[in-house]
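Multiple structures are listed underneath, in structure tokens.
In the two assemblies presented below, subunit A is common to both, partnered first by subunit B and then by subunit C.
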Partner chain A sequence: MRVGIPRALLYYRYGKFWERYLTELGAEVVVTRKTDKVLLQKGLEYVSSEVCLPVKILAGHIADLKGRVEAVFLPRVVWLEDHLYACPKMIGIVDIARMMLGKDVKLIAPVIKGGFVLPYLAAGLSITPNPFPVVRAFSRASRELNTRTAVPEYEPGEKRVALIGHFYNLGDDYIGRSITSTFTSNGYRVCLKDELPEAVLRSRKGFARNIRWVYERELYNAFRYLADKVDGVCVVVSMGCGPDSLVAEFMREEACRRNIPFLQLVLDEHTGVAGLVTRIEAFVELAERRKAVPQAS
Partner chain B sequence: MKATFPHFGYDTYALKTFVEDLGAEVVLGPPASKRTVELGVEHSPELICMPFKITLGNLIEAMEQGADTLLMAAGARKCRFGYYHYLQEQALARLGMRYKLVPVAQYSPYAFVFQLIPSVFHVSPVRVVRAIAIMLEKSLLTQEFRVLLNRKRAVDFREAERLKKPALEMVEQARSVKAIRRARRGLDRMFSCNGSAAPGHNGRKPGLAVGLVGEIYMMIEQFANQEIEKELGRLGVEVLFERSLHHHLLHLLRLDRSYFRSQRLARRYLRECPGGEAMRTVGESIHFVERKKVDGLVHIFPFTCMPENIALEALQQLSEDSGVPVLSLSFDEHTSRTGLLTRLEAFVDLLKRKKRVQGSSRN
Partner chain C sequence: MSKVLLGIDVGSISTKGVVIDPEFRVLASSYLRTQGSPIKSIKLLLRELGRQMDGKAVIAGAGTTGSARRLAGVVVQADIVKNEIIAHAVAAGQYYPEACTVLEIGGQDSKIIILRDGIPVDFAMNTVCAAGTGSFLDHQAARLSIPIEQFGDMALKAESRVNIAGRCTVFAESDMIHKAQLGIATNDIIAGLCDAIVRNYMNTVARGKDIRPKILFQGGVAANVGVRSAFERTLEQKVVVPEHFLVMGAIGAAILAGEETEGRESRFAGFETADVAFETRAFECDGCPNRCEVVEIVREGEVIDRYGDRCGKWSEDLSKSSQPETVSQT
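Take a look at the complex of A and B:
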């Protein structure tokens, strides 16, 4: 069976696990190519212009799989532990995918509510009916799941910037590459939220416990954790992202209070790389000037 | 205590009666206007959705008139709406006014009756239950008012607009269950058999019917949706709707049958609830198309609304499957009235033409 995985959205978090799992099950796995302009354009034809950039990209990847595979693997995260929800679009995009693919392509969409073991096993059974290889495949694949517990080390004297943004934005080279590389070429070490252990990211302390979106809580916790370890905070938001429009505001408020340089970049399909680079360079200069005159505020 | 809350279309009267029944004085700001939106936009994050901006503007204007206790609905968790009050509190704190913001969590009737409302208004739960009963009755009245008004507009637009003011006064004055019931009968008389103006008088029946679906705030607050019901009525279209405060209250009490029906119907397109009111929007649309046989659907939501954008895709599919045209309109503070009217006119023309073609092919 040829099973397709779109290289977008949750792929950047769980992709390796999915690939391994499906391969172990004996499926022929087709992962779409890296995002490019053609895929994005394809996506724009299928979804409304108001949804956020990563969802448009995902639609493009799904459209690209159409006709090439027998089934598409697209898990649906509704909520993870502690009733932390995924965003409405992430939940709903699976239904959009079903409408896009039509009846010819099977959609394998394990619904994850809390625990993820059972839904994945059930999804595995729809590929091979025998439960033993499914369990074996799952246990082998779960080694690929990210179980980081160590905190990255931050050396003194190093210039650092916290790049706060979703893994599906920063992980996608088409969106995030120019941002990361601009900071690196200016001599900054980029601190991402995905380097932090889960214990930090899912912490319930402080205001974070009021945020009931799982990936937003991670962003906010990463911001809180990194804020005093870096020279500046850059928040990357995609236009039309509902949760980010709120959580970025909470972060901005706090950054203002704690006097941390703060930059919010809003991305959509019309964003030009040159504009981003200019803004980042201006931000870097500002952060450095402030560092040179510490009590200038 | 001078309590206030954001305007909520005609249902403002129902909410006002509720708060007054709890023994508080209600200070409402002026109805939403251009200034309200400007105030709201000034103190809002740039990417937030439109209901936030208008409700914030409402609260600020009410505070200027002396309100000190702000009641702001809160609740749903998958949608941004559940977080409004945190940001509004931040924004109001920046303004430096004296106030108390009470997030009214809706989704637990028990906590609402026994903890939240008694602690804010210092009343007994019995009184809260009584106030809720009256609010239910009154919201039914406002809902009926909207239904009658929409029907009347489609038949005789001028007469409907003339009747609107006295009818609204009648709605506002009714305060007890008995008076509300009397007002309901009064409205019925006023809009239907009063002299000559029965629906279908002069032999004219409303030619077209359109189902209005979408996000609840945009559906109810007539300022936010730029009086879309009125404009459709002017074009001779009867607007059917289901989303109202009454249904919402019943839903909170787990008694709303239309909600369960919508959930069931919507499964055809959405297998999992994406949050907000997407399931209801889709379910209601299917209901309108299949049972009520509407000629078209108008779907309204705030710009970048997450759940409704998912619903939009489902509605496109529904439109393809059933052949009923869907007009999706997203609103924000930049939505131009002229543009909106042009789109509505074009849509109604399309519906008329479609109906004519279908009618002639059937004969």
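Take a look at the complex of A and C:
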């Protein structure tokens, strides 16, 4: 069976695992190409203008799979352990996909509420009816899941910025590359949330306990972990993202209190690279001018 | 002959230029509308500044800023190309070392800069929406057939201030029309519009910022006394409009050019650049589905700069074969 995976949203977190699992199950896996203007334009035709940029991009990738595959693999993450929810749009994308793909394309969408083992195994059975190879494929693919335990090392004397944003924004070159490269070309090492171990990102300590969105809790924990190790914090959020806008506000307040330079970038399909570069350049320069003079207030 | 500094600020709506002396006094300044053709207005600007200076001084450094800073930098061979946030902050800090806040509203963007001890420490810019900026005021003035210069005075003459929805220019416009149809005086509507612009600014750009006095108000919209007094009313503080509020960005670029050229010669191409033939060409690259719009700047038939490509294929190709620096000597 030819199974398509859209290279968008949760792909940037679980993609390797999905690919391996489906391949082990004997499926022919088709992953869409990296996001580009054509894919984004396709997506814009399908979804309402109110949704966030990554969902529009996802729609473009799904549209691109139409007619090329017999099935599309798109798990529906509702909540993960500790009843931490994914955002409503992420939960709803499977329905968008179903509308877009019609009846001819099968949609393999394991529903994940808490544990993910059983839903994935059940999804595997829809490709191969025999349980034994499904269990074997799953256990082999599990090796691809993130099991990072070590924290990154930070060299003394290097200039660092914490780039706090979702993996599906910063991992997607079409959205994230100009942001990362502007920091790098200004001599900054970019510290990403996804370099940190799971234990740090899932921490329930302090304010993180109150955040009920799984990926936003990660953002906040990464911010807490990185804040005193960097020269500045840059938060990247999608226009129209409710959870992000709330959590970003808490991070902004805390950065302000702790006197850490803070920049928030808001992304949508109208965001020009030039505008992002202007803001980042100014931010970098401000951070440096500020460091040169000890603060009076 | 004395050594002076040149600063150019090419924004979306207007092009500004200044020549300042080493004590940062303004010797020549010019303000004109960009009108869709930045190169044309840069050349007009150079001609005008050259005329005002009349060969009396040598340009020791040139800086550019604004949204077309890169293009302007290539055209005049600037010593430094700097973003408008830093440029505005530097100029404000130079003239008003005690300033703690800079409010800036230009043609299509608005920003706030927080200074402490003359050093910029924080800033914010409007995000994806240009509601409440100069071009919107322009548009409303044109719709009401009122010269934009009179807008502020009319707002001050208002007897009562009506509430206009300011979050979105489309809604603001329909709200203004609705109020006019009800028979509300134009002055009151304009005053309401000034309030709406300030309210929108305070809720978006300035949200969460620590606004302390002294407060400066710069950029084209600072010409509008109605908006200024609306700011004063909201902030319950005096708001100072600097003498050269229109060209503060250009002054900042000139000051930065002075720092940059310390101990070396300027690369500035001279006021004669106004007579050099420049051309810009844009083409869509078909190398990948991104279809980037690549811009080429051509000086007398020779491509001197390219940008706009996401991958760097065109811009890097050019910097390998012919550096803009070598071109400047021809």
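Methods note: the second predicted complex is superposed on the first by the 295 of 297 C-alpha atoms of A that agree within 3 Å, B and C clash if a C-alpha of one lies under 4 Å from a C-alpha of the other, contacts with A are read in each partner's own complex, and residues count from 1 in each chain.
By our rule, a residue touches a chain if its C-beta (ideal position, glycine included) is under 8 Å from a C-beta of that chain, and two chains touch if they have at least 3 such contacts.
In this text the structure is predicted, and so the values were computed from the model without any measurement.
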Subunit B versus subunit C as contact partner of A:Val237, first or second or both or neither: first
Partner chain(s) touched by A:Tyr85 [first = subunit B, second = subunit C, both, neither]: first
Which superposed partner A:Val38 touches (first subunit B, second subunit C, both, neither): second
Touched partner set for A:Arg136, first subunit B, second subunit C, both or neither: neither
First, second, both or neither for A:Val266, with subunit B first and subunit C second: both
Subunit B versus subunit C as contact partner of A:Val94, first or second or both or neither: first
Interface residues of subunit A shared between complexes with subunit B and subunit C: 239, 249, 252-253, 266
In the complex with subunit A, residue positions of subunit C that touch it: 67, 83-86, 89, 116-117, 119-123, 125, 127-128, 208, 210, 288-291, 310
Sites on subunit A touched by subunit B in the complex: 47-48, 50-51, 76, 78, 83, 85, 87-89, 91-96, 98-99, 111, 210-213, 237, 239-246, 248-250, 252-253, 266
Subunit A - residues contacting subunit C, complex: 33, 36-39, 174, 177-178, 239, 249, 252-253, 256, 261-262, 266, 268, 270-271, 273-275, 278-279, 281-283, 285-286, 289-290, 292-293, 295-297
Complex contacts: residues of subunit B adjacent to subunit A: 45-49, 77-80, 82-83, 86-87, 90, 269-276, 278, 303-307, 309-310, 312-314, 317, 328, 330
